[in-house]
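Same chain, two partners: subunit A is paired with subunit B first, then with subunit C.
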Partner chain A sequence: MDLLIFQAPILMVQASLDGILLGILFALIAYGMALQWGVMNIINIAQGDLVILGGYIAYTMYLVGIHPAWGVIVSPIIMYFVGWALYKLVINKVVDRDLFISILATFGIAIVFQQLMNFVFGADVVVAQSEYGTTMLFDNSVTLPNSKIFAAFISVIYAIGLVIYMRRSRLGRAIRATAQNARAAKILGVDTEKVYAATFGINAALCGVAGALISITLTLHPYVGLPYTVRSFMIVIVAGLGNLPAVALSGMGLGLFEEFADYILGTEFRIGAVFMLLVFILVYRRFKLSKKREYLK
Partner chain B sequence: MNKLVKLFTIFISAITLTIASISSSFAKVEGEYIVLGSAISLTGKYSSNGVHTQNGYNMAVDRINKMGGVNVGGKSYKFEIIYYDDESNPKRAAQLAERLIKQDGVHYMLGPYSSGLTKAIAPVTEKYKIPMVEANGASRSLFTKGYKYLFAVLSPANQYLEVAIDLAVEKNGGKPVRIAQAFEQDAFSQDVRLGILDAAKRTGSEIIIDDKLPKELNDMAATLAKVKATKPDVLVVSGHTKGALTAIRQISEMKVDVPMLAMTHCDAAKLSKQHGKNSEYALCASQWHKNLSYKDKFFGGGKKYDKDFKKEFGYAPPYQSAESSAALLVFKDAFERANSFDRDKVRDALKTTDMQTFYGNIKFGPGGQNVAKPMILFQVRCKGDSCENKVVAPTKWASDKFYHPIPKWSERS
Partner chain C sequence: MNAIKQKDLILYSGLIILGLVAPFLFSAFKVQLTYLCVLIVLAMTWNLQGGEMGYNSFGNILFYGLGMYLTASVQVGMFFPLAEWTESGGEKTFVHTTAQYFQGIGVGLLVAAIVPTIVAGAIGYAILGLRGHYFAICTLGLGIAAGEIAGGIEIIGAGQGFTTPPFPAEIVDPEARGQFFYFLSFLVLVLAFVFVKYIYGSRFRLILNAIRDNEDKAEAMGIQTMKYKIVGWMCSAFFCGLAGGIMGGLIGYIDSTDVAFDGREMGVFMVLMAILGGKGTLWGPVIGATLFHFFKEGLWTFILGWQYVALGVLIVVIVVYFPEGLMGWLREKYPDRFGEVIDEKDRKAQVEIK
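Let's turn to the complex of A and B:
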């Protein structure tokens, strides 16, 4: 039964498409993480919880009768300010400390967010309905939910938009300058404090988009943030910082790898296979997690 | 030296006296109140079901107290419950159980929410010989450990979907069926799985897909693609509310055609409300349904319970509330039959419980599980856009006919 995928080759098409669509969504979250990691050298454990909060914003819209797909516009706007406020309240106190402190701080934020969401939205698992229907291929043997296609499409648009923004806008250039050399950027008149706050806000906004997409493709629950954090962490590790095409490829690759591991090894080894892959990649690349810190306040 | 010994003696006797006076002042029965204790999940991931449980307990306490209380030794007593929030955390639950017993002097316990937390508390109540009537721990492993002070008003987890397999075989003209199943890897869902394995063996059915769902991920597209390719007669899914919601979402999106779909946690997931028409024809295991014709003198029947509960708490009672209310009825009955507050006498009375409540018949087996109440299956049926759960099995309680096989997606409007 494990080798069903070889008996029915059409399943390979299904698995590949499922994997790629899911991977693109994960890549969007990972992109936010890579940005923030690269600029501020902060590994945000609360990443997944920001995603879920974004999802709840879309879900709330759905409850009051607005189509949840509008969440991909509303949610990032709200989340930008949430991220900005988080930076001002917590992160700027730890941004010049070592990596461990920032991990602890964001871990604390994650717990607070989980409890708050539990308090406000309840502990029930919820879904928002997009009613987008399904695309069928190859005489119904391959099915693609339109909501997933929509999610991948929106993710790509946001990712491209952000790349252009980073290249063209003043703030984008300031962010890139700060990432390269914070001290030099400050000497040349960049307000690094503002850049950090904006970076955190942009990351939260990307999480908001991803969350809104998750509310219509998967399910929401106050405590399911961590898997998204872990996924995006891995994608960033594999892709490296500051390398957007690599993040996209690594996201899709991970999605594919996961789906195929599911068919070949069985669902119970799906997550395990991903972690094994992570170990191999870390050993192979001897990835250096420590980056020289230079923060200016 | 002599002085030292004297001092020591005084010290020891003082401590002994203090302990003695404490333990007698914190009695299990204070004035006219019988004090019960419960650690319950008011925060954390089980908080919604924890609140359903607490509401069920409170509703029964109010009702019993209003209708004359508990008669022991010719005197009428009232129930009172001390609650602590266990934060959905098993360790915390076990600590709180110790605290209830040792500091608050509680001599009778009500169960927490979920199998996991009940498992954490049961060793504590067992150690102090405290009778516990629980209403929300269905895991089979609770009833195989030889616990003597644990009583559960609900049917054990392995019985949840056994009926569904029997039903599938019956619909297949008595011939064995091909089963595809996907279960989360937690104690409860795995117990449900064991039940299916038993039923498959008994009926000679074949299990062609046996996936274990990781609890971290809410995506089962791969399992469903396998189901599409192998075309089983029955698909069984159990993974709490997340599993139920994910399954329906992806089955409808991927247009998976399967003649019969059996699940757990449909009512907790508010399946028919959240997914509407897409959830139609899903078959769900449930401990209780308001349409069952069980009766008792406190709540009347299921429909009246439903109405009263709605009036008091503003929402329809899920079965978690109903079974929690039933736990109090069991305690009352046991106290009155024991006619004493002696813990062991109460325990013996609990052991010989044989009664009918609005929730169902209750009679405890050797492991403490309820052996008198069958699980029921309901099927989601829709009229236009409004969907309802209709009881379809077992036949004795069925209000509607079981619809089989599920129409193909291409034929559904």
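Let's turn to the complex of A and C:
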């Protein structure tokens, strides 16, 4: 195994670049999860399925004949309303409840989404061709699809845009106030119900962007949502809520881990490795905290 | 007191007689009845640590799948080389004799019960230190990781699946297979019920409840919570392994993610059934599983293709509108019918405190 890493430097550069670019994309999804986790105290298992749905929106555009890259603008707009509707239908009833209730309820939503996507788009693995070509580096030994660079670039733009929006806009300030103390915000005249709906919508919109990017860089399939949920969950628990640089860094770290796991263990163990990493991270944090007689809260 | 016990005795003997004659009365539904028994066992044992201990696990499917693979592997591996068996797939190059089959499944079920219990004990210390939703997500990850990893291991069939030994051909009676698995599952169900019933009357249950209600306080009272949490999880794992072993034999084919580590179906079902019936009650999971099974079987055939949508909607509706479950609802409505002496005192004490 070690031999593979040291004797194949090209492979290593390739895997590192892939991992970092992919990681930025994961970080964008995780940012959405951190946002709604922090504000509404809900763990959304359907996060990954919102991503995939966003991807299918871009894919539909591709089928119609529009360039799928426009999906990064159209998909978040549609997904915002999907998220908003989801909030009004289900999520508003579980906001103040036990976290386990929200996990199970969003799990149910995830199953519904998966199945509906399966009906509408079929169970085939699909990809929207962006036809951006590839960049060759180091004497054509490292290939880098331009779509991946494009995806990372768009992710960064959206993340920065959202940070500015959260700092400057009225709604952004209302969201941050609600995250700090919902009751106090309510007393001071913030319509928390509206803020929650907007937060969930923004989260869904971010998922939409990420999904549109995934549709041109990776592949789409109705049932691959859960790994994205787990990835973003992992990034959030490593980085903490509301710490954007840490989210970006741990996203890249996860991307790197995945690419190397893919090369070293084999593709069939890739998803398994992601889930095992989740277990290891949680157990590691648990032992570290238990030395101080604390636990993950 | 005596009268209640006599009433219970009539109820239990009635249920046992019903269970014993059911496969002959409804002989067309033997497989369904076996499913029902397994579902009840899963719901009841999930309830033991999800409802009583407050550790909501999505990962008991890990033990179920482990039991399934272990039973089949032992059953094959005792007599034939396992690798060649899985490689030959559907074409049967090896045939179990009747004696071999029953020996194999007996030993296999024993292993399927013991190994998951040991696994639960081994990982329990690390995993059960997590609380609340971290525990839930971690166990969810474990269950799915197990499925993904099992799908990559060659010797147990990898992605192609693993065909379990077919029922011996020497037994010509076509009813025999169904009856064998039904009575096996019924035996496990009775065992599980007696065990859970015993726990419900013991100090152990009170400790589990203390952990659920406030773990820090329970620890401050001098209860070694970790020890009891692990034992509670091991109890669950024991029966999950057995149930998995039986299901493996019944289905006859093991796929890593669709049959064994089937988090999307079985893994959710057991949580849902316990919640539907009412978490933290003895009869809740039994009633919940029975209702769920009838509902599912009715629904599955009528709305073929839409069953998962219905399942998802069902989960949302149950969780959002009936988080207390049927028994919880009944208890709220007719509190005096639930005349467990300890509960009554508890409730009064709580009212006084309020």
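In this text, the second predicted complex is superposed on the first by the 258 of 297 C-alpha atoms of A that agree within 3 Å, B and C clash if a C-alpha of one lies under 4 Å from a C-alpha of the other, contacts with A are read in each partner's own complex, and residues count from 1 in each chain.
Note that in this section contacts are C-beta pairs under 8 Å (C-beta built on N, C-alpha and C of every residue); 3 or more make two chains touch, one makes a residue touch a chain.
It should be emphasised that the depicted structure is a prediction, and the values quoted were computed from it without experimental measurement.
Peer 1: Let me test your reading of the model: by the given contact rule, A:A123 touches which partner, first (subunit B), second (subunit C), both or neither?
Peer 2: The answer is first: A:A123 touches subunit B but not subunit C.
Peer 1: After the superposition on A, what does A:Q115 contact: first (subunit B), second (subunit C), both or neither?
Peer 2: Both partners, subunit B and subunit C.
Peer 1: Which partner does A:L244 contact after superposing on A: first (subunit B), second (subunit C), both, neither?
Peer 2: Neither partner.
Peer 1: So, does A:V94 touch the first partner subunit B, the second partner subunit C, both, or neither?
Peer 2: second
Peer 1: A:E259 contacts which: subunit B (first), subunit C (second), both, neither?
Peer 2: In the superposition, A:E259 contacts subunit B only.
Peer 1: Looking at the overlay, what does A:M136 touch: subunit B (first), subunit C (second), both, or neither?
Peer 2: In the superposed model, A:M136 contacts subunit B only, not subunit C.
Peer 1: Given the touch rule stated above, what does A:Q14 touch, subunit B (first), subunit C (second), both, or neither?
Peer 2: In the superposition, A:Q14 contacts subunit B only.
Peer 1: Now for A:H221: first (subunit B), second (subunit C), both, or neither, which partner does it touch?
Peer 2: A:H221: touches subunit B, not subunit C.
Peer 1: Across the two complexes, what residues of subunit A are contacted by subunit B and by subunit C?
Peer 2: Common to the two interfaces on subunit A: residues 115, 119, 226, 266, 268, 271.
Peer 1: Mind pulling up the subunit C residues that touch subunit A in the complex?
Peer 2: Within the complex, subunit C touches subunit A at residues 56, 126-127, 129-134, 136-138, 140-142, 144-145, 148-149, 151-152, 158-159, 264, 268, 271-272, 275, 305-306, 308-309, 311-316, 319-320, 323.
Peer 1: Quick check: in the complex, which residue numbers of subunit A touch subunit C?
Peer 2: Within the complex, subunit A touches subunit C at residues 43, 90, 93-94, 97-101, 103-105, 107-116, 119, 226, 230, 233, 237, 266, 268-269, 271-272, 275-276, 278-279, 282-283, 286-287, 290, 295-297.
Peer 1: Can you name the residues of subunit B that touch subunit A in the complex?
Peer 2: Contacts found on subunit B: 43-49, 182, 185, 208-209, 211-214, 216-223, 225-226, 228-230, 240-242, 245-246, 249-250, 253-255, 268-270, 274-276, 410.
Peer 1: Taking the touch rule as given, give the residues of subunit A at its contact with subunit B in the complex, in rising order.
Peer 2: Of all residues in subunit A, those touching subunit B are 1, 4, 8, 10-11, 14-15, 18, 22, 115, 118-119, 122-127, 129, 134, 136, 140-141, 143, 145, 147-148, 218-219, 221-224, 226-227, 259, 262-263, 266-268, 270-271.
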